[in-house]
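First chain written, first letter: the chains are A, B, C and D, and each begins at residue 1.
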Amino acid sequence: MVFETTAPVRFAHIDAAGIVFYPRYFEMLNAAVEDWFAQDLGVDFRTMHLERGVGVPTVQLSVDFGAPSVLGETLIVRLTPNRIGRTSCTYEALFTASGRDRLRVSGTLVCMDLKTQKAEPWPADIRARMERTVLTTP
Amino acid sequence: MVFETTAPVRFAHIDAAGIVFYPRYFEMLNAAVEDWFAQDLGVDFRTMHLERGVGVPTVQLSVDFGAPSVLGETLIVRLTPNRIGRTSCTYEALFTASGRDRLRVSGTLVCMDLKTQKAEPWPADIRARMERTVLTTP
Amino acid sequence: MVFETTAPVRFAHIDAAGIVFYPRYFEMLNAAVEDWFAQDLGVDFRTMHLERGVGVPTVQLSVDFGAPSVLGETLIVRLTPNRIGRTSCTYEALFTASGRDRLRVSGTLVCMDLKTQKAEPWPADIRARMERTVLTTP
Amino acid sequence: MVFETTAPVRFAHIDAAGIVFYPRYFEMLNAAVEDWFAQDLGVDFRTMHLERGVGVPTVQLSVDFGAPSVLGETLIVRLTPNRIGRTSCTYEALFTASGRDRLRVSGTLVCMDLKTQKAEPWPADIRARMERTVLTTP
């Protein structure tokens, strides 16, 4: 199963050339991951970070920027987890607008104990939901 | 009439103390102004900036920060224009969450010709919509 | 005494009109306050926030934006504390470039216990340094 | 030859876990590329974008995040161009602090005509400087 959300291209996102300044895409990507955790994996970032002491830092990213995005567009962000390790999760994210690819991301998150700042196995509830997601993704 | 929109408090907005880093509020405020123009005043920022050559820089801001906002909250942003000059517009914006004030802003926008970088009178269509809004605000 | 620092106008700071997007000025302002604490008041933000458990949230801001700043300029930021309360400090910050005012800020910081999230009196060492600064400011 | 610059870890860069929020690294990376162009390649971003009508969008990025960076550290950013194509340039960037790698980036920039929004060959002066840099890099 693919998780899908949207991100409007705001004035705050664009540069002097009128297109999205690429670091802003990573704010949108992080927001999409937040929404995925809250809406699909059953745990919002507030609960996870502040109550459960678990963080999900990004340890690897590969990004291909296809075409620029302009002010006023609504980007569709599709996030597909495709490999769950003991302490990590690799996903693909595709940003599109007007039926055209904008950027394609492959990223890896790690489950981290915020106190020890070390990787730790995914909590059972999050893992179960992630696996369900991966299994149902064609 | 008051224009109302919402802004989720994202991981990207918060600081080491777990509360919104105040420069992020101004990104939310700018997004609220964008939404106001697009949804209430009939002109989206893309059309206004890139096609009509009109910008609306902020020339004055006064802000009182009442209480901090935390990750996961949804802020309600209420924007009320209260004085329209020949080339300017002064508004109040109130951010609330959980029924409590977070920040109160008084701001002034100026209508600017992006080519000359000088203030110019509001275009008639935008002015008409703004006036309607001010007149109907108690 | 006035604390002075500089801020280059980066590509990341400018908008579609080629001028600084105003929320970015507050990132620069916050950096200037950080430098003031580290260089003049004898306590860097890391030590203050993470070791001493003290934060300095902004509770009030008034800003007049005089003229826009463009890519490649170096802004000079002059910060002058002018009133120290038991738990607060009010300052003026003036941003200039090419001998011309860009924005003028009046801001109030509050000393906050990060655990209780309540205002508390300035620690003696910080207060002593702040007072010295205010007294020597003409 | 390697181009080297530094980036302080500011309060604005860190997240609720007290470490750099990864989209902020890309703002630092973009600033390093800006400095490289201005200081090594002989053309600052203002002149390049606003006068010469040339942009250098990023079309590909691969990033490995080794260790987190904390508030108050000064990151050293070393940028090494390693392949110059007709319209592109691939570089490696290494961020270190306290003698330890933080992130390693491989990125590709493209020379773009801002009017046509299409890739174009590097201007001769920029290309000559880039080549000199690549040739002298071991």
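Heads up, the rule we're going with is that a contact is a pair of C-beta atoms (placed from the backbone, for glycine too) under 8 Å apart; a residue touches a chain by one contact, two chains touch by 3 or more.
If you're wondering where the values come from, they're calculated on a predicted model, not measured in any experiment.
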Where chain A and chain C overlap in contact partners, by chain label: B, D
A-B against B-C, pair bridged by the larger set of C-beta contacts: B-C
Mean-CA-position distance for chain D and chain B (Å): 34
Whole-Å gap separating chain A and chain B, where each centre is the average of the chain's CA atoms: 28
Centre distance in Å when chain B and chain C are each reduced to the mean of their C-alpha atoms: 24
Residues of chain B engaged with two or more neighbouring chains: 11-12, 16, 18, 21, 23, 27, 30, 49-50, 71
Contact set on chain B toward chain D in their complex: 11-12, 14-16, 18, 21, 23, 71
Residues of chain A that touch chain D when the two form their complex: 16-17, 19, 21-24, 26-27, 30, 49-50, 55, 57-65, 68, 114, 117
Residues of chain C that touch chain D when the two form their complex: 10-12, 18, 27, 30-31, 34, 44-47, 49-50, 70-72
